[in-house]
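In the two assemblies presented below, subunit A is common to both, partnered first by subunit B and then by subunit C.
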Partner chain A sequence: MGELASRGVLRAGLAGGVVAIYVALVGLYTRFADLELVGEQITLGRVMLLAPALAAGSVVTRPRTVGGERRPVASGPGLTIGILTGLVSGATFALAVAFADWFGVDRIREVFVQISEALIDFLTFGLGVPSGLLALIAVSVAGGAIGGFARTAPADLRKPAAVGILAVLLLGLLQRIVPIIFVELGFEADWLYSPVTGGLTWLGALLIFAASAAGSFLLTRDGGRASERMRAKVQKAPAAKVGLLVAILAAASILPLLLGTVISEVLGQVMIYVLLGLGLNIVVGYAGLLDLGYVAFFAFGAYTTGLLTGAFLNTTTGAAQPALSADINFYFAVCIVALLAAGVGVLIGAPVLRLRGDYLAIVTLGLGEIVSIITASKWAQPLIGGPQGMRGVTKAEIFGLNFQDNPQHFYYLALVFVLLALFVSRRLSASRVGRAWNAMREDEQVAEAMGVSTIKFKLLAFAMGGAIGSLGGALFAVSIGSLTPASFEILVSITALAVVILGGLGSLPGVVVGALVLIGLPGLLREFEEYRALIYGGALVAIMILRPQGLVPNIRRSRELEADEASQDAWAKAATGEAEAVAAVVPGGALGGEPEDLG
Partner chain B sequence: MARGTKDRPTEERGAQLGRLEGLPWRKIILTVLAVFLVSILTIGAFKTLTLPADQRYSAAAWRDFIILGVAQGSIYALIALGYTLVYGILRMINFAHGEVFMFGAFAAFFFADAYAASGFLDSNPVASMAILLVVAMVTSIGVALLLERIAYRPLRNAPRLVPLITAIGASLFLQNTARGFFGAQLRGFPVPSALEGTWTIFGLELERVQVIVVVTVVVAVAGLSLFLARTRTGKSMRAVAADSEIASLMGIKVDRAIVTTFAIGGLLAGVAAVLYAITFQSVNFSMGFRPGIAAFTAAVLGGIGSISGAALGGVTLGLLQSLGPALILTGYEIPSPFQLKDAFTFLVLVMVLIFRPGGLLGSGEAEKV
Partner chain C sequence: MSDARRLLELGGVAKHFGGLYALSGLDMHVNEGEIVSVIGPNGAGKSTMFNVVTGLYGPDDGDVRFRGDSIVGLAPNRITRLGISRTFQTVHLFPNMTILENAMVGQHCRSRSGVFGSVLRLPSTRREEERIRAKAKESLAFFGSRLAGYRQDQPAFALSYANRRRLEMARALATDPVLVMLDEPTAGMNPRETLELRDHIVRMRDVLGLTVLVIEHDMRVVKGVSDRVIALDYGRKIAEGTYEHVANDPQVIEAYLGTKAVG
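Coming up: the complex of A and B.
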C-alpha cells in the first residue's frame, strides 16, 4: 500500500466522517430517517449513513495518473483500502456522536437545532451509545468496502451491480408515482411496493435489481459495444429518431392521465421550469450571456398576465381594481405579454451591451433584485398589489378545460407552451442566428470581425430569452391564480440557472432532464422541500467542479470541448486531482470563457 | 491593487459600432438614460427640499441620516475589502463572501447569548466584545478558507464564468447550511448595556454603537493598508495581484498568497459581522445576502481592486442608502421610501457598471471583459 496510500486513506476517511457530521448537523438524517425505500430496514436516512463512507472509499481507490500513465488499483487491495477508509470515516463520525452524547444533546441543541435524542437514537440504531457506535462503524466499513470494491472490480461485474442498485434506489424514491401508474394500468402493485411502509418490498427490490443488472450486463457486455451500436443505429436512421421522438411525446401526453392530480401538479411545476430553462438557455447557453436576473421576466410575465386578464389587487379591506388593467382573453393576452417581454429584454439588454462575463452577470442580478424589491414595496401597491399581491388571475378556460383548478388540464397547457419553446429553440440553434450566437459566445471580437452584428444578436438573445421566460411567468400565474412577491425572489433565477447548468449549457434535452431532477424529484418527495435551496447550491458547485458540461451535454459543445481538449482538460483534471498545476488556459471553454484581460 | 487593463478607447469602439449599425446606438441609449436619471433625481431632490415646512425633514433628521449612513457605510467598507482583495488577486467575484460574514455573526451571537445569560456581557463589556470579535474572526476565516479550498481552488484556471457560478452555488449552499444548522428564525443579538445610549463628541450627540463602528473600521482599514504596504506577506500578495505568473517566477508562493488573501477577507468580514450585529441587534441565516451585495456594490463603486476605493465606496454607498430614499423618493410622495433602500443599492450598482465600470477611483473607461 505504501505511505501514499495510507495518507490517502486517512484523508478520505476523515473527509467522509466530516461529511457525515455535516449531514447530521444540517438535519438530513432526522428528516429522512423514516422514509422507507426497501422493506422496513433500508430507509433513505440509512442509505445516507452509508453514502459518505462509500464515496470516500470510491474516491481513494480511483485510478491515479503517475507520469502520464494511468494506474488503476487492483480489486483485492481496493477492497482493503475501502474497508480501512470506511473504518476511519466511521470512527470519526462515531467519536463525534459519542462526544455529543457525553456533552449533552440539549446543550448542543442551543447552537445546532437539529441535534436531538431521536437523532442519536437513529445513528446508534436504537442500541444506545457504546454498543450502537460499533454498529455505526460497521455500516461505515461496509460503505467503504462497497465504495472501494465498486471502483476497482472488473467492469463486467461493477457496472451491472451499480445500475441495479441505482435502479432500486430510484424506484424506491419514486414510491409515490410508480404504484399509481400500476393501479391506473390495472396491475397489482402490492407485490412491488409494500402498502405498509410505502417503500419497495424485498421481493420487488430483488426483482428490480436482477432485471436492471441483467439489462445493463447485456448492453455493456462487449465493452459497451452493444449500446454503442444501438446508439449509432438510432443516430443514422431518421426513422428511428422520429420514432423515438413520437414515443417520448406519447409518453409525455399520457403521463398526467396515469399519474393523477397530485403528481400532475408537480409535473406542471416542472414544465414551468422547463420553460424558464429554455428561455435562459438561449441567453446563457446559446449567446453566452450570464443572466442572473431572469426572475425579472418571470415576474413580468406573471403580473402582466394578471393585469391583462382582469385580476384584482389584494387589499386589507378586500379587493380593488389595479390602476391599469384590462380584461381580455388569456390566449390573446399571452401573445401581448411575450411581445412586451421581448421589448423589456431589449430595454434591459441595450445599456449593458458592452459588459461581458461576470460584470454582465452582476448587472442583471441587480436589475432582477430591483424588480423583486419594487414588486414587494408599498409603492407598487396601486399597480400590482405590492406586498399583498393580486388574486383572481384568469383560469384560461378553453374547450371546457380548467387550467387553474385541475392540474391535469394545466399540464397540457404547459406542454403546448414547452413544445412551442422547444421548437423555437431548436430551429434557432440550427439557423444563421444560432451560428451567430455560437460565434459570439466563442469569441466576440472575432465574431464582430467576421461581420456578425453582435449588438443585434445580443439584443435578439435577450428578447427571445425574455419572451420565453415571460411565458413561464404567465403559466405560473394561471396555475396558481394569485400572485405574491414571495414567488418572485432571486431563488427563481438561481433555480433556472441550476436547471440549465445541470442539464448542460446549450442542450435542449438537458433542460428537460435538469428540470425533472431539480424540480420533479424534490416535488415528489415533500421531505426534500426545505432542503431544496441547499441541494441547488450544492449541485451548482458540484457540477462546475466535476462535470461542467452537464448531464446531457450539447453535441456540438462536446465536439468543441474535444477539439479544445488541452484547455478543457487542464482544469477538469486539476479538479479531480489527476493532474495538478496545469496552467494553460485557451479560449473557448464550456461557458465561452474569454481569456483574461482581452482588450 | 488594480491590474492595468488594456483599454480600448470608447471613441474607437463607438465608431466601429457606428459603421456596423449606421448610428452609435449604445451612446444614444446611454445618453438618454443618463439625462432621464439625472432629471428624475434632481426633480425628486428639489421637490423634497421644497416641501411645506411641516412635512419637511428637520436639520437634525438630515444629520442623523448622514451619521447613520457613515456608520452603515463603514461596515460595508469592511466587507467590500474582502471582495476587492479577492478580485484583485484572482479576478473573481467571491459571491459567497456575504455568507462568510453571516457565519461570523452567528458565531458571535452564540457567545454573546451565553454571556448575556451569565451577566458577563454587562459586567465586562470590553473583554466580552473582544472575545466576540475573535470568535467571529476565527469562524469567518475558517469558512473563507474552506470555501477557497473546496469550491474555488479546483477551478483556478477555469473560464471566468465557471468560478462565478460556483460562487453563487456556494453562497446558496452556505446560506441554507446555516439555516439547517441554526434554524430559520431571527435571533435577537444582545448588546452590552455599556454600549447603549449616546456619547457627546465635539458637541454632537452620537450613538455609542455608531462611534465604535466607525472607529473600529478606521483602525481595521489602516491596519490592512500598513500590512499590505510594509510586511513581506503583504508585499507578496500585491505581487501576486499584479501578475501571478511573474510573482511565482520570483519565488513567491502563489497558493499561499491566495490563501492569505481569503483569510484576511474573512477576518475583516468577521469584524464587520460583530459590528453589524451590534448595530442591528439580530442575526438570521439570510443576513449575509443584502449586505454582501451592498458591499460588492461599494467595491465596484470605489473601483474594484483598490483598497482606498473600497473604503470610499462603502461610505458613499452608506450615505446614498440613508440619504437617497429620504432625499429623492419623499419628493415623489412614495409611501415608505426606505423599503426601496436596497433598490437604491442595486440601481447604483447597475449605473456604475454601465457608465463607469472602473469605479470612482478607476479610469472610468475600462472595458471590463
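Coming up: the complex of A and C.
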C-alpha cells in the first residue's frame, strides 16, 4: 500500500469518525436505537452505527482515474483498506466517546442536549466505557470491511448482495405498511414480521435477502444483459407495455383500500409533491431554467382555488368574505386556476427572460419569497386573510366522495391529477415543443440560431410549469381545507426541487420516485420527522456526488459513453468499405449504409 | 442587373467591442447560387461578420440586407426562418440529444405545432412530426452513411469530431435555408475528410441549389470551391475576386505575414 493509499485511509477514516460523532450529537442514534429492523439485534440505530465507516470504506476504495484510465482497486487490498479505514473511523469515534465519558455526560449535555447516559450505553453496547469501546471499534471495522469489499468485489457478487441487503432494510423500515397489506390481502404476516418487535423475523429477512439477491443475480449477470433484453422485449411489444401500465394503474388504484387512512394521507401528500415535481420538471428538467421560487405557483393555485370556491377569511371576530370571491364548482374552478397560473408563469417569466443560470435562480428565489411574504402580509388580508389565512375551502364533492375528510377518497382525486400531469408531460417531452425546450437547455444561443424562439419557449415553459404546479396547490387546498401562510414558505420550493433532482432531471418516473423517497418515507416513519431537513440535505449531497443523473435518470442522460463507442467502432469497421465509396462522392442522398432507415 | 441576384448585402457594417473594432465599414455581398469564401488572418472579423449577419450581434453601424430587406435588429430565430442558416467555428451541437433530434430541431422554424397539438396528438401534429422526421433524415443523408442508420438514435456527444461537424452542417441544412454560412467547416479534419467536405460544399450548391458563404483557412478548399473569394483584415475587405486574383494580391500576402506559403 502506497503513501497515497494510506493518506486516503486516514482521511476517509477521520471523516467517517467525524460523521459518526455528528450523528451522535444530533441524537439520531438514540432516536432509532429501539427501531428493530430484523430480530432484536439489528436495529436502525445499529445499522446507522455501521454506516459512516461503511461509507468511508467504500469511498476510499473507489476506482480512481489516473491519466484518463480507470483503475479499480482489487478486492484483496480493497478489504484491507476498508478494514483499516474502519479502524481509523472507529478509533476516532471511540476516542470521542471516551472523552465524553471522562469529561462527564451531564456537563456536555449543557451544550449538546442529545448526549445522555443512554447514548453512551448504546454506543458501548451496554458494556461500559473501556470494554465497550472495543466493541464500537469492532463494529466500525466491520463497516469499513463491508464498504471496502462491496466496492471492490466482483460485480456478480456485490450487486446481488447489495440488492439483498437493501431490500431487507427497506422492508424492515416499511414494517408498518407491509404487514397491513398482507393482512388486508388475507395472508398471514407473522412469519415475516415479528408481532413482538414489529420488525422482520430472521427467517423473513433471510427469505427476502435470498429472493431479492437471486432476482438481482439473474437480471445483472453477463453485465446486465438479461435486464436489457427484458426491457427491449417490453419496449418492442406494445401489448406488454400496455399490460405493465394497466398493472401499475390497478395497483395504484387499490392501494388506499389496502393501506388504510393514515398511509393514504401520506400518499396524498406524496402526490401533491409529484404534481409540483412534474411542473418544476418542465421548467428545470426540460427547459433548463433553474427556478427556485416555485412555491409561488403552489401558493397561487391554493389561494385561487380557495377564492373561487367560496372559502372565507379567518378574522379575530370570526369569518369574513374575501374582497374578491366566487362560489363555483371545484372542477370548473380548477381549470380557471390552471389557466390563470399559466398567465402568472408568463408574468414571472417575462422579467427574467434575459437571465441565465445562477442569476435566474437568484431572481426566481426572490420572486418566490415575495409571494410567500405577500400571503402573510396584513396588506393582503382583505383578499386572502393575511396571517390568519382562509378556511372553508371546497370539499370538491363529486359522486358522493369527500376529498377533504377522507384521505382514501382524496388519494383518487390526486391520482387523477397526477395521471393527467404525467400524460401532458410525456406528450410534451416527445414533441416539437419538448425538442425546442431540450435544445434551449443544451445551448440557448444555438437553439435561437437554429430557429427556436427562446423567448416564446421560455415563457411557455414557465406557463406550463406554473399551470401544473398550481394544480398541486389546488389539491393541497382541497385536502387541508384551510390555508395559512406557513404552508407556503421557501421550503416548498426547495423540496420540489429536491424531488426533481433526486429522481433525475427530466425523468417522469424519477419525479414519482423522488416524491416517494422525500415525502413518503419521512411521512411513514414519523420518527424521521424532526430530521427531515437533515435527510433532504444529506440525500441531495449524496446524490450529487454519487449519482448526479438521479435515482431514475432520464434515459438520454444516462447513456454510457463507453458502450456507445464500442458499438460505433464495431459499426465503423463493418462500414469501412462504404466510407471509401462516400469519399468518392455521389450526388444526392441515394448512397448510405442502411437505406431502410433513411425513410 | 447584378443587383437583382444579390442575396446578401452588407453595407458599411461596423461592430466594436469596447475599443476594439472587429468590423469597421465592411462592404460585401453574396449573389444567389454562389459559393463565396471569406479568408483572412485570425482576428480579421470573419466570425464577427457571421454573428452580425445571423443576428447574434447587432451591428453598431451599417446595414445587412437579405433579399433586399434589412435584417438588422431581427432576432436570430427570425433570421433563420428567413432562410439564413449557419454552423459555428467551434462545434455547437445539442450534445445530449440524439443525432436525429439534433437535425429535427433544424426543422423547428418550418413547423408550428404547439402545446395543444402536442398533448392531444392531433392528426395535423402527427403529420407535421412525420414531415419533420423525414426532412431531418434527408438532411442527414446528405452526408451519406456517415450519419445514417443506428447512429441516428445515439446522443450527439458520442460522435467523432468529424461527424460532429457533419451533423452541425446537416442541422443547418434541415432548416431549409437559402443561404448556408459555414464557419471553418474543415477545422480539425484530416486531409481525407477535408477533401470529402470540399465536395459536400460544392454539392450544397449543385444538388441542393443553395448559396454558400464559407469561412475557411484551408487554401486547397478555398481554391476548390470558391466562385469568389473575399479577404478581410482588421474588419475591412482588403481584396475580392477569383482565388488566383486574391491569392496574389499583395495586401493579402502581407496580411498573412508576407509568406506566400499559404497559397
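Basically, the second predicted complex is superposed on the first by the 548 of 599 C-alpha atoms of A that agree within 3 Å, B and C clash if a C-alpha of one lies under 4 Å from a C-alpha of the other, contacts with A are read in each partner's own complex, and residues count from 1 in each chain.
Here is the rule we use: contacts are C-beta pairs under 8 Å (C-beta built on N, C-alpha and C of every residue); 3 or more make two chains touch, one makes a residue touch a chain.
Everything numeric here is computed off the predicted structure, so don't read it as measured data.
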Subunit B versus subunit C as contact partner of A:V446, first or second or both or neither: second
Touched partner set for A:I370, first subunit B, second subunit C, both or neither: first
Touched partner set for A:I545, first subunit B, second subunit C, both or neither: first
A:L355 touches, of subunit B and subunit C: first, second, both or neither? first
First (subunit B), second (subunit C), both or neither touched by A:L10: neither
Touching partner for A:W379 - first (subunit B), second (subunit C), both, neither: first
Subunit B versus subunit C as contact partner of A:G537, first or second or both or neither: first
Which of subunit B and subunit C A:N438 touches, first, second, both or neither: second
Partner chain(s) touched by A:L497 [first = subunit B, second = subunit C, both, neither]: first
Dominant toucher of subunit A (residue count), subunit B or subunit C: B
On subunit A, positions contacted by subunit B and by subunit C: 448, 453, 455, 571, 575, 582-583, 585, 589, 591-594, 597-599
Residue ranges of subunit A in contact with subunit B within the complex: 22, 25-28, 110-114, 290, 292, 350-359, 361-363, 365-367, 369-370, 373-374, 376-379, 381, 448, 453, 455-456, 491, 494, 497-498, 501, 531, 533-534, 536-541, 544-545, 548, 570-571, 574-575, 582-585, 589-594, 596-599
Footprint of subunit C on subunit A - complex, ascending: 423-424, 427-428, 431-436, 438-439, 442-443, 445-455, 460, 464, 556-557, 559, 561, 564-565, 567-568, 571, 575, 578-579, 581-583, 585, 587-589, 591-594, 597-599
Interfacial residue positions of subunit B with respect to subunit A in the complex: 3, 5-8, 13, 16-17, 20-21, 25-26, 29-30, 33, 91-93, 110, 150-151, 154-166, 168-177, 179-183, 245, 293, 296-297, 300, 334-336, 339-340, 342-343, 346-347, 349-350, 353-354, 357, 367-369
Subunit C to subunit A touching residues, read off their complex: 54-56, 75-77, 80-81, 85-86, 88, 92-98, 101, 104-106, 108-111, 113-115, 117-121, 125, 128-129, 132-134, 137-138, 140-146, 148-152, 154-155, 157-158, 160, 171-172, 175, 192, 195-196, 199-200, 203, 206-207
